[in-house]
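You will see two complexes here that share subunit A, one where it goes with subunit B and one where it goes with subunit C.
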Partner chain A sequence: MTPPGKRYRIGPGQLAAFASALIADGYVVIAESPDGKGFTALKDGSAVAPDTERPPTALSMKDIVFPRAEPVFLYRKTLDDVQVIDPPSPPRGVVTFGVRPCDAASIQTLSKVFDWDYHDELFDTRAERTIVIGTLCRFTDDRCFCTSVGLSPSSTKGSDLFLLPLDDGGWILQIVTDKGSRFVARCLSAFSETDETGEDLVKRYPGPAVRFDPDRIRSWIPANFDHPLWPSLAETCLGCGQCAFACPVCHCFDLIDEADSFQHGRRMKIWDACQFPLFTKHASGHNPRDTQVKRYRQRVSHKFFIYPERFGEILCTGCGRCSRGCGVGIDIAEIVEQIEKTAVAESVARER
Partner chain B sequence: MPNLYTPHAMVIREIIPETPDTTTFRLQFKDAEVARAFTFRAGQFAEYSVFGEGECTFCIASSPTRMEYIECSFKQYGRVTTALRRLNVGDIIGLRGPYGNFFPLEEMEGKNIVFIAGGIGLAPVRCVIWNVLDLRDRFKEITIIYGARSVDDLVYKRELKEWADRPDVKTIVTVDPGGETADWKGEIGFVPTIVEKAGLRGTDTVAIVCGPPIMIKYTMPVLTAQGFADKDIITTLENRMKCGVGKCGRCNIGSVYVCKDGPVFTYAQLKELPDEF
Partner chain C sequence: MPEVAAIAKDLLERGVVKAVIGYAAAGPNRTRPFIARTAEQANALVFNRHALNNLAVFLTRRRKPVAGPVAVVAKGCDVRALIMLMQEQQVRREDVHIIGVTCGGVASSMGTPWSVETAAPKCAHCRFHTPHLYDSLAEGTEEVGPLPDRSGERIKELEALPPDERFAFWAEQFSRCIRCYACREVCPICSCEQCVADKNQPQWIDRSPTSRGNFAWNLVRAFHLAGRCIGCNECERACPADIPLSLLNRKLAMTALEEFHYIAGTDPAAPTLVGTYDKTDRQDYIA
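After this line comes the complex of A and B, so read on.
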């Protein structure tokens, strides 16, 4: 097996040939869809080369490992019995090309919650069967902030293999994980090993300037649950949930039944969002998060306080999807900046 | 692909109407193997389901000292609880669990125990009551204070009588003013008032309190005034849940997952939480 860290040179056109060969072998090859809305399975390899000068897709790649809707079981009822039937096994051999660092990083983050105690076999199996080929991201806009949450346009977190696009149309392929190494072993003969690190390329794309330090707001949040800043931060939020559905690391879901008839149906695990008014509503009518301000506070808290507290990392990769898609222009980075400013001002005031 | 959301099949063996809107099911695992492997502790909950309607969360209302069956008591509210009420003896429902933490029974040994419950809140408390009564000699004085809106709304009526008849248990049952019938022999008054009148002493005593939020809110100060330390008052939270296993993100209060870190909390722990329950 080729140890992680080795690099190979892929010539112009070779990537498409590689993808086509995978498809011919029965792999499910996935890449950003041409309309930029999400990821899609390719019929042939010609369109596989990632174009990371485009903005990130509207929906992240989490759909692949944590589908927006999937059955957890099927059932068949007779008059006096019920048979519970396992759902179909997730597809094997899924290869996702051109995943940006702010998407690839999400898989490890998601797996922390799907595996911290009880194991979600559905997520685990999909993640296990998916090869993530990350790519240097050459896009930045004023919604991006990966560098403020510990990532960068070239970070390989969550990628099994990583591609650096060369000026001649070719690529440097870096082997990141053992899983990636096992996967490419079969095709490496087509590529030549290289000492090029692509360092100059990486330097050319430093990503957005650092905007905030998430550690500064982490302890401020629990100590300031009722701070007057909260209502001013997100009072225009519509509670539409776009931000959560677009987010690569939001993982709230619902379990609901779909009956086809009296006899047949299935229980579905479907995306849900803490921004919806009914999310926490008790059957009695009592609702602990009865205002949008409380629900937006939960969104920020979960990402920058709760998750870091429970799982040791920030629940945000800085991809900017939530802000780009928000109908009323709420920008999570701006909100975190405002909290940071308040937290710093208050701590300065205390020290005086 | 079998997975953690797959329920066990349970057969409804008995249906006990408790009040006009509350029912108790006595359930048995369809698969004897599963039944043998199933264990739980008092205070834990499960996800019960009607196939085609969905799941909902109830505590396990029977005691782990009586494993021939699992019981749950539920109040009819919405889709699933309405569908449950339409079922008959012999029908199959689903169950996943047990989930969550439990009452610290070992730590309660050698102490006086006061059970305080309101309405359907008696369901989780009843599980501990039978657990404690089945191990009676490990505990000192036992007091049960239970209240409901009206005589009609009292659950587990036959057991209330059984407890009242026992010389080793002090049982006080109350109904809200106006909820009494002509022949009502119990107390009349709200639970916090009755707790105040009961003259409890917080020393060497653990209080288990479950009921509607309003009852909890007004009972806690009464217990504090009677000398109960915050760590000796134990209650359960009922935040809305879906997965029950710390994944779906629904039950968070601050960084606490009620389904994993709860549903059992001491009053001392509750005071540390943000006001989101």
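After this line comes the complex of A and C, so read on.
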């Protein structure tokens, strides 16, 4: 087996041939859709090469491992019996090409919660069956902040293999994990091994300037649950699900029963979002997060305090999807910057 | 004509309103909703080709951020929403000071530089460049020559398709819906305290983003807005799945005009289309 760390040179056009061969072998090959809005399964390999100068997709790749809707079980009822039927097994051999670092990192982050005390079989099976081919990202806008949460345009976290786009249209393919190495072994004869590290490329795309220190946010939040800053932070938030659904690491779901008839139906796992007023509404009618201010505080707290405390990871990859897609222009990085400013000002005032 | 910020400052200084809901700059070719509560904050208010939001959404009963009288910055299409909200008893005329702005068109999305080519499709068939109801009128943007009516052309193309192909078109569009409800939340007319899509006793609409539920959701929403939608197209702009919701809404608005001579959001005193029964209404829909 080729050890992780080895690099191969892929010529222009060879990536498409590689993808076509995988499709011919029965793999599900997924890449950014032509309009750049999301990911889509390809019919042939010709469009597999990622355009890494485009903004990241509006919706992340989490749909592949944590679909927007999937059956947990099916049921069949008769008057005196209920039969529970296993859901169809997720597809085998899924290969996702050209995943940006701020998207690829999500699988590791998500597995912390999906494999916490209970092992979510559906997530685990899909993650196990998916090969993530990450790519260096050559796009940056004022919504990006991967570098503030420990990532960068060249981080390989979450990728099994990683592509560096060369100026001639070719690629350096880097083997990152054992899983990636096992997967790619059969194709390597087509590519030549290289010593090129692509270091110049990595230097050329440093990503956005660091905007805040997440540790400072993490310590400020628990001590300031009722701080007067919160109501001013996102007062125009409308409480939709766009930010959570577009986010690569938001993972709340609901379990619902959907009937086709009295006899047939299924229990579905579907995306849910903490910004919906119904999310925390009790059957009694009481809602502990009864205002949008409380719900937005939860969003920021979960990402920058609760998840880091519990799992040692920030629940945000700095991709900026939530901000780019928000109908009222709420920008999570700006909000975190405001929290940091307040935290710094308060600590200066205390020291005086 | 005075600018928005000057009018807002004056209203706040004189205590006529508690807050002014307007637009603030938010990066290149972008604005976002901003609530000014003091004359100083009002300095941040702007109006330009990127003032896309329909701020009437903040005036519905379920959302109004400030108790008491408020002012709102409104383009012609936004004023239509305010009027619709008055017609539906969501907003009382005396509670809102409308800062109307002249508007010659806005860009189609945030971050997009303005040009005739990038103008929002709705502006091509706008009849309200100068708002038809306001308390103060502010200097906005100028009208440009005729804009291409792209959405009108697409509706004609769709109408020309045989029904099964039209069905296939919408089935493909709705299949991308993720049920984030951004369309509903950004819509000033979706003012219901509890949306039918959130009811589960009984469950009228499947909640999962699968074909049956998505079809039901998108069609029910379109029909609930028939004769009410004022065509601001905020739903389409907010939709992360790029579903051309405006085509459905405009088609229904065209039907309201052709069949009932009704344009939503023009007269605060007029009864609503779906809320009126008229003996002379056509009966042949009920076959």
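Heads up, the rule we're going with is that the second predicted complex is superposed on the first by the 352 of 352 C-alpha atoms of A that agree within 3 Å, B and C clash if a C-alpha of one lies under 4 Å from a C-alpha of the other, contacts with A are read in each partner's own complex, and residues count from 1 in each chain.
Heads up, the rule we're going with is that contacts are C-beta pairs under 8 Å (C-beta built on N, C-alpha and C of every residue); 3 or more make two chains touch, one makes a residue touch a chain.
As the structure is a prediction and not an experimental result, all values here were calculated from the model.
Q: One more residue to check, A:142. First (subunit B), second (subunit C), both or neither?
A: Once the two structures are laid over each other on A, A:142 reaches subunit C alone.
Q: In the overlay, answer first, second, both or neither for which of subunit B and subunit C A:256 touches.
A: both
Q: If we overlay the two complexes on their shared chain A, which of subunit B and subunit C does A:35 touch? Say first, second, both or neither.
A: The second partner, subunit C, only.
Q: On subunit A, which partner's contacts cover more residues, subunit B's or subunit C's?
A: Partner touching more subunit A residues in the overlay: B.
Q: On the A-aligned overlay, A:289 touches which partner chain: subunit B = first, subunit C = second, or both, or neither?
A: A:289 sits against subunit B, while subunit C stays out of touch.
Q: Answer with first, second, both or neither: which of subunit B and subunit C does A:311 touch in the superposed model?
A: It touches nothing on subunit B or subunit C.
Q: Do subunit B and subunit C touch any of the same residues on subunit A, and if so, which?
A: Correct list for subunit A: 254, 256.
Q: Can you name the residues of subunit B that touch subunit A in the complex?
A: Subunit B reaches subunit A through residues 1-7, 9, 49, 51-56, 77-78, 81, 90-92, 94, 212-213, 238-240, 242-243, 245-250, 252-255, 257, 260, 274-277.
Q: Under the stated contact criterion, what part of subunit A meets subunit B in this complex?
A: Against subunit B, subunit A makes touches at 72-73, 75, 77, 80-82, 84, 86-90, 113-114, 116-122, 125, 222, 225, 251-257, 259, 262, 265, 267, 269, 272, 274, 279-284, 286, 288-289, 294, 298, 301-302, 305-306, 309-310.
Q: In their shared complex, at which residues does subunit A touch subunit C?
A: Going through subunit A, the ones touching subunit C are 35, 37-38, 58-59, 68-69, 142, 235-236, 238-242, 244-246, 254, 256, 258, 268, 270-271, 273, 276, 278, 325, 327-331.
Q: Looking at the complex, which residues from subunit C come into contact with subunit A?
A: Answer in residue numbers: 26-28, 30-35, 53, 57-58, 63, 65, 110, 176, 178-182, 184-186, 198, 203, 206-210, 213, 234, 237-238, 240-242.
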